[in-house]
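Two complexes come next, and they have one chain in common, chain A, joined by chain B in the first and chain C in the second.
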Partner chain A sequence: MTEAIATLRGRFDPSRHGALLALVVIVLFNLAVTPNFFQAQTLFVNISQVATIAIVAMGMTLVIATGGIDLSVGAIMALSGALAPLIFLSDFATANPGLGLAAAIVVPILVALCCGVFNGVLVSVLGVQPIVATLIFFISGRGLAQVLTNGNLQTFTHPSFSYLGTGKVLGLPFQGWLVLLIAVVLFWVVTRSVFGRQLLAVGGNERAARLSGIPVHRVKIGAYVICGGLSGLAGLIVVAINSASDAARIGNLMELDAIAAAVVGGTLLQGGRAPIFGAVLGAVIIQLVKYTLLANGIADEVALIAKAGIIIAAVYLQQARKE
Partner chain B sequence: MTDLIEMTGIGKSFAGIIALQDASLSIRPGEVHAIIGQNGAGKSTLIKILTGVYRRDAGDVRMTGTPLVVTTPREAQDAGIATIYQELSLVPLRSVTENVVMGYEPRTRLGLIDWKAAHARTREILARFGVDVDVTRQLGSYSTAIQQLVAIARAVSLDAKLVIMDEATSSLDDQEIETLFSVVKGLKASGVAVLYISHFLNELYQICDRVTIMRDGQTVATHDVAETTKLGLVSEMLGRDASEIQAAGLTALSGGHGDPGEVLLEAEDLRSKTGLRGTSFTIRKREIVGLGGLLGSGRTEAARAVFGLDALSAGAVRHHTGATLDTPAQAIALGMGFLTEDRKADGIIPHMSVRENITLALLPKLKRMGAVDRERERRLVSHYIEALQIKTSGMEQPIRELSGGNQQKVLLARWLALEPEILILDEPTRGVDVGAKFEIQSIIRKQVAEGLAVLLISSEFEELVEGADRIVVLQDGTSVSELQNPGVTEGALINAIAHHHERSAA
Partner chain C sequence: MLDNTAFDLRRYLRGGGHSFGVWVALVAMILFGLMRYENFGGAYNISSFLNYNAMFIVISVGMCFVILTGGIDLSVGSVAAFTSVVAAYLSPYGIQVALPGAVLAGLAIGGVNALFVVVLRIPPFIATLATMLGAKGGALVISGAQTISIDWGSNFTKLGMEKAFDLLPWTIVITAVVVVALWIVLERTSLGRTVLAVGGGEDASTMMGLDVNRAKVFVYMLSGACGGLAGVFLASGFGAGQPLEGVGWELSAIASVVVGGTLLTGGMGSVGATVAGALLLGLVFNILNFENGRGVISLSAYWQMVIRGGFLFAVILLQSHLASRSKGATQ
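== the complex of A and B ==
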C-alpha cells in the first residue's frame, strides 16, 4: 500500500500536474456547493467568458517564452474594440454591409498587429526593457481608444458582427471553437515549426541563440506581433458579446489575467518554455474561480484576492521545480 | 623592517576543490607589489581572503606584525586595505564628492552632511593626484580614468595603507594609463603600498618594485622586479624550465606544411574596440591554425571579430567567396562555425534536449514549409550521437543533465552537422575530462583530414603545439609572429611569447 502511494508520488509531479489537479478540485467543489453548476447554460457562460482570457494568455505565453512580458494587451483590446463599431457603424459600412463587416474585423486586428511590431522593435532592436516598452501602449493605447470614441459608450445592433461573441457552432459558443483552433495552430508553431524552436532557444539562452545564427530580433518581434494580434481579436470578441463598446472598460486588467493564466499554465517567467494548452488551462482555472465566487455571492473584490492566491501557488510550485 | 602585510600558509578550498594551498604573500610598506599568474592560479582568491570576501581555511595573515582579523570588506577597509576593482564599485549618477565621501560624510553639528566641507575635502584629495574636476558634477560624466582616480582618491581619503588594484588599466587608453601610473608613484611616495594585479607584463617593469608569481594555487616565488627577465617570469608562471625554453630557441623552427589547401579566409590588420590592435592571419583548407598568446592577448576577440560578432573599427575579414561577414548568421550561412569558450553562457540552451541543441544552427537547412523536418533531424542527430559517442539516455534528454564533456560534444556536433568549411574552436577541451578530451581532439583531427579548416584557441600549450599546423602568436591584440609545424615545441612557443615581450620592453 505504502509502496503504491510512493509510486503514485513518483508519477505525480505537482509542478507539472498541479494545474490539472486544481481544475479537478474546483469542478468538484462547484458540483457539491454551487447551485445549478451542472447545467449547459453554466458551461456556455464560462466558455464565452474564458475565451478572451485564453486567447490573450496564449499570446502572452509566447512573449514570456522569449523572456519578455507584454503589459499592453488590455489596452490593445480596448483600441481594437473601440475601432470595430466605429467602422461598421460608419456611412461606408451601412452602404456596403459585407465590406464594412470585413473591414470592421480586419482593420482593428491590423492595428493591433502594428502595436505588436512597435512593442517588438522597442524590445529587440532598441533593447528597451519589455516591461517599460509595453508600458507605453499600456498607458497610451486605452487613451487613444477613448479619444477615438470621445469617451462615449457605443451601443449597436449588428447580428453578423455579434456572431463573434454570441454565435454557436455545434451547440457550443463560437469563440470556444476559436480558442481551440488558435491553440492547435500555436501548439503546432511551438512544437513543430522552425520559428517555434527559435523562439524557445531565444528565451532559453539568447546569447547562444545569436551565436547559432538565429535572427533574435525577428523572433522577438514575431512573438510581440502574435500577442498583439490575438489581443486585438479578443477585443473584438468582448465588444461582440456585449453589443457595446466602452473603451474605458474593454480588457481592463486583462494583462494581469493573461500573465496569471500563463504562469498557472506552467510558463517560466525567465523564458524558454511555452505550454500553449497550459495557458488555456490556466485561463479556465482563473475563470472558474471567478465564477465560483460570483455564483456563491462573494464580491468581485474578493475574487481578486483569490486570483492572487492562485498565482502565489503557481509560482511556489515553479520555484520548487527549479531546485 | 616589519612587512605591512604578511600572509603565510594560506589554504582555501571550494566544495572540496583546492584553490589555494600553502600560498604566501608579503608586502612591504610603501612598495608597489605585483601578483602575476595564469587564470586559475589563485591570485584573486588570495586577494579576496586579504580583503575579507572569503574566509581562509588555513594560514596566517598579519598586518604590521599583528594578526589581522577581517571578515567583511568593510572591516578590511577600516583596517586600511582598500580595493579598486576592475568593475568600478562607484555610483556614476551621484557627484564626485558623494562618491569620495560615501559612508564617511563630514557632519554638521545638527547631524546633517556638511557639503561645504565635503566638497573642499574632495577637491583637496583630488588635487594631490593632479586631478582638477568639478566635484559637484556626476561622476559618470567623466572618463573611466578619472573615475578610477576618484576610486583611488576615495581609498586614500580613508587612510588606506594598502591599495589593491585589480586589472586597473584594462579599460584605459595609453594617456590614461600614464596618469594612473603617476598616481601610483605618488601613492608610493607618500608611503602607501600598492598591490598590483595585471596581465600585462610590460606594466610591471614600469611601476612595480617586487613581483610574486603564483601557479596552481601556490606561491612560486617573489622577486625584485629589477632582477627578473620576462622570459624568467613567463617560465615561472607556466611552470616550464627557462633554460629549456632558451635552448629550444626560435631558430629550430623550420619545415613547411605538408598539404596547404587554398586560402579560405584572410584577416587583415583587425582593429576593434574589444582590444584588437592589428591582428592578421590566414586560414587555409585542411589545416589547423592556432592562436597563441597569454590571457588578454586578443585571441577570443580575434575569433569573435572573424565570426561577425564584434564590429571592426579598421581592417578587414576577407572570405574567399567575397561575401561580407557582419553577423553570426551570415558567417554560418558561409559555412563557418564557432565553438565558444564559455559553454554555459554562450553554448547550451539548458532546457532544450540534446536533439534540439544539436540542430540549433542547422534549423534553416532543416526547414520544410516552415516546419522542422523531424525525420531528417532525428536521422542527423542519431548519426552524430553515435559518431561522437555522446553519452546520453536518448536524444530527448535535456542537455543540462549531461556531463561537461558530453555537453561539449553536443556543441561540437551542432557545428559539425553544418558540414562547415571553417570551424573556430575556442578552448575546445576546457573543463572536459581526459577521455572526452582525447576523443574531441581526434574528431577534430579527422575532420581536418577531410578538408575542414580550424582556427584553434587553447591555453594548453600541448594542444596548440601538437595540434596546430601553424601558430599565430598574439600579444596585446597584435599578431607578432608565426610558428610553423613541424618543428614547434612548447618551449619554442613560450619563447616566442616571452621573447616578444622582451623586445617590446626594450
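== the complex of A and C ==
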C-alpha cells in the first residue's frame, strides 16, 4: 500500500497532473455545493461555452510551443464573426442558399488564415517579437470588423448556419464533437507528423533546429496560420450560438482565456511542448471556474480575480518544477 | 572595462539612430498640421491635446522602463482604472490626499507585479496579465461596477481645469515634471544605468555585481505608480472614477514605446523618444479629427483603430529594416 502511494507520488508531476487534480476538485466542489449541477442541461451549457475557448486554446498552444504568443485571436474571431452574416445575408446568398452558406463559412476562415500568415511572416521572416507582431491585428482587426459592419449589431435567423453553435449530434452539442475532432487531429499532428516534430524542435531550441536543417520560418508561419484559422472558426461558432454578430464583443478578451487555458494545460511559455489535450483540459477548467462562480451568485468581477489566481498558480508550479 | 564602455556607447548610438526616425516623423506631422489647419497651433488645441494625452504619456514612460529591463507590464490599463476609482473615493479630502493615495495604490499593485516577477520568478508577461485581471476585478468590486463621481466641491477638480501659472493645465505640468525626473533617473543615475544593463544582459549584469533584483523591483513599482497617476488624470478628466476604462491602454503604451525605437528585448531606448512616440500616436488621432472636421473625409472611430494598427505596422517594418541595416554595418 505504502509502496503504491510512493510510486503514485513518484509519478505525480504537478505541471502535468495538477490540472487534472484541479478539475476533480472543482467537479467535486460543484457536486457538493452548486444546485442542479448534476444535470444534462448543465453539461450542455458548459460544453457549448467551452468549445470556443478550447478551439482557440489549441491554436494558441501550437504558437506558444514555438516560443511565441498570439494576441490577435480575439480580433480575428471578431473579423470572421462579422464577415459570416455579411455574406449569408447578402443578395447573392439569398439567391443561392447552398453556395451562400458555404461561402459564409469558407471565406471568413480563409480571411482568418490570411491573418495568421501575416502574423507568421512578421514573426519569422522579419524577426518581429510575437507580442508586437500580433499587437497589430489586436488593435486593427476589431476595428476592421467594425468598419465592415459599420459598428452595427447584425441579427439573423439562419437555421443551417446556426447549426454550428446550436446543433446536436448524438445528444451532445455539435461544437463539442468539433473540439474532439480538432484535438485528435492536432494531437496526431504534434506527436506523429514531421511538422509536429519540427514545431517542438523550433520551440525547444530555435538555433539548433535551424542548424539541423529544419525550415524554421515555414514551421512558425504554420503555427500562426493554424491558430488564425481556429480563431476564425471559433468566431463563427460564437455568432452561430447567439444568432447575432456584434463586432465589438465577439472574442473580447479571448486571448487571455486562451493563454490561460494553454498554460493551465501544461504548455511551457518558453516553448518546446504542445499538450493539445492539456489545452482542452485547461479550457474546461477555466470554463468550470467561471460557471461555478456564476452559478453560486458570485459576481463576474470576482471571477476575474479567481482567473488571475489560477494563472499565477499554474505558472508558479511550472517554474517550481523546472528549478 | 574599457571594452565594455565602448560596447555600450556603440549600442547607445545605434539606439539614437532608432529614435531619430520618431523625432523626424513628429516634426513632419506637426508641420503638416500647422500648414493644413488654421487652429492646429492654437492654444486650445495644444492644451486639450496634451491634457488628453497626459495619461498615455505617463504610462508609456513607466512602460518604457519595464521594457528596458526586457520585461513587460500588461496591467497598467487596469491599474489606471482601479486608481481612478480610488482617486474618486478620496476626492472629498482634496487633491493633496487623492493624488498620493491613488499613486500609492498603483505603487502597491506594481509591488505585487515585482513580487511575482522577482520572487516567484513568473514570466513578466503572465505575472502582469494576472494582475491586469486582478486589478480590473478589484476596480469593479470596489466601485460596484459603477462610475464613481468625484466631489465637485473639493479642489480635486482644479487638476484638469485650472491652469498652473496661467499657462497650462496642472495635468500637463505634472506630466512634464515626471518625464524630466524620469529622464534624469535613466540617464544620470546608477539605478538608470543598471536598468539599461539588466536589459542588455541579465546574467552579465549579475556577474558584474549589479543589483538586478533591485532594478526590476524599481521598474515594476514605477510602472504601477505611473498607472496610478494616469488614474488620477483619468478621474479628473472625466469627473469620475472609471472602473471600465483602461482596456487596451497597455497596448497603446507598448506601441508608443516601440514607435519610440525601444526594442522589446530591452537594453536600449530613451524616455524622450517614448514621449515622442506617445505624442505621435496621439497626433494621428488629432489630425484625423481635423480632417473629419474639414469634411474632406469622414472616418468613423472604427477607422481610427485600423489606422493606428497600420501605423504600428509601418513603424515595425521601418524598425526591422533599420535593425537589419545596423546589424549589417557592425558585422
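Everything below uses one rule, namely that the second predicted complex is superposed on the first by the 315 of 323 C-alpha atoms of A that agree within 3 Å, B and C clash if a C-alpha of one lies under 4 Å from a C-alpha of the other, contacts with A are read in each partner's own complex, and residues count from 1 in each chain.
Rule of thumb we're sticking to: a contact is a pair of C-beta atoms (placed from the backbone, for glycine too) under 8 Å apart; a residue touches a chain by one contact, two chains touch by 3 or more.
Note that the coordinates shown come from a computational prediction; the quantities given were computed from them, not determined experimentally.
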- [ ] Pick one for A:68: touches chain B only (first), chain C only (second), both, or neither.
- [x] neither
Quick check on the superposed pair: does A:315 touch chain B, chain C, both, or neither? Answer first, second, both or neither. second
Let me test your reading of the model: by the given contact rule, A:201 touches which partner, first (chain B), second (chain C), both or neither? first
Larger residue footprint on chain A, choosing between chain B and chain C, goes to C
Notebook entry, point to check: A:214 contacts which: chain B (first), chain C (second), both, neither?
Noted result: first
Next on the checklist: Just to be sure I read the superposition right, which of the two partners does A:135 touch: chain B = first, chain C = second, or both, or neither?
Outcome noted: second
Q: Check whether A:259 is in contact with chain B, with chain C, with both or with neither, and answer first, second, both or neither.
A: second
Listed in rising order, chain C residues that touch chain A in their complex are 72, 116, 120-123, 125-127, 129-134, 136-141, 145, 248, 251, 254-255, 258, 264-265, 300, 302-310, 312-313, 316-317, 320, 323
The residues of chain A that touch chain B in their complex are 188, 192-195, 197-198, 200-201, 204-205, 207-215, 272-273
The residues of chain B that touch chain A in their complex are 307, 309, 327-329, 331-333, 338, 340, 345-352, 356, 360-361, 363-364, 366-367, 370-372, 374, 414
As the complex stands, chain A meets chain C at residues 69, 71, 122, 126-129, 131-133, 135-144, 146-147, 150-151, 256, 259, 263, 269, 299-305, 307-309, 311-312, 315-316, 319, 323
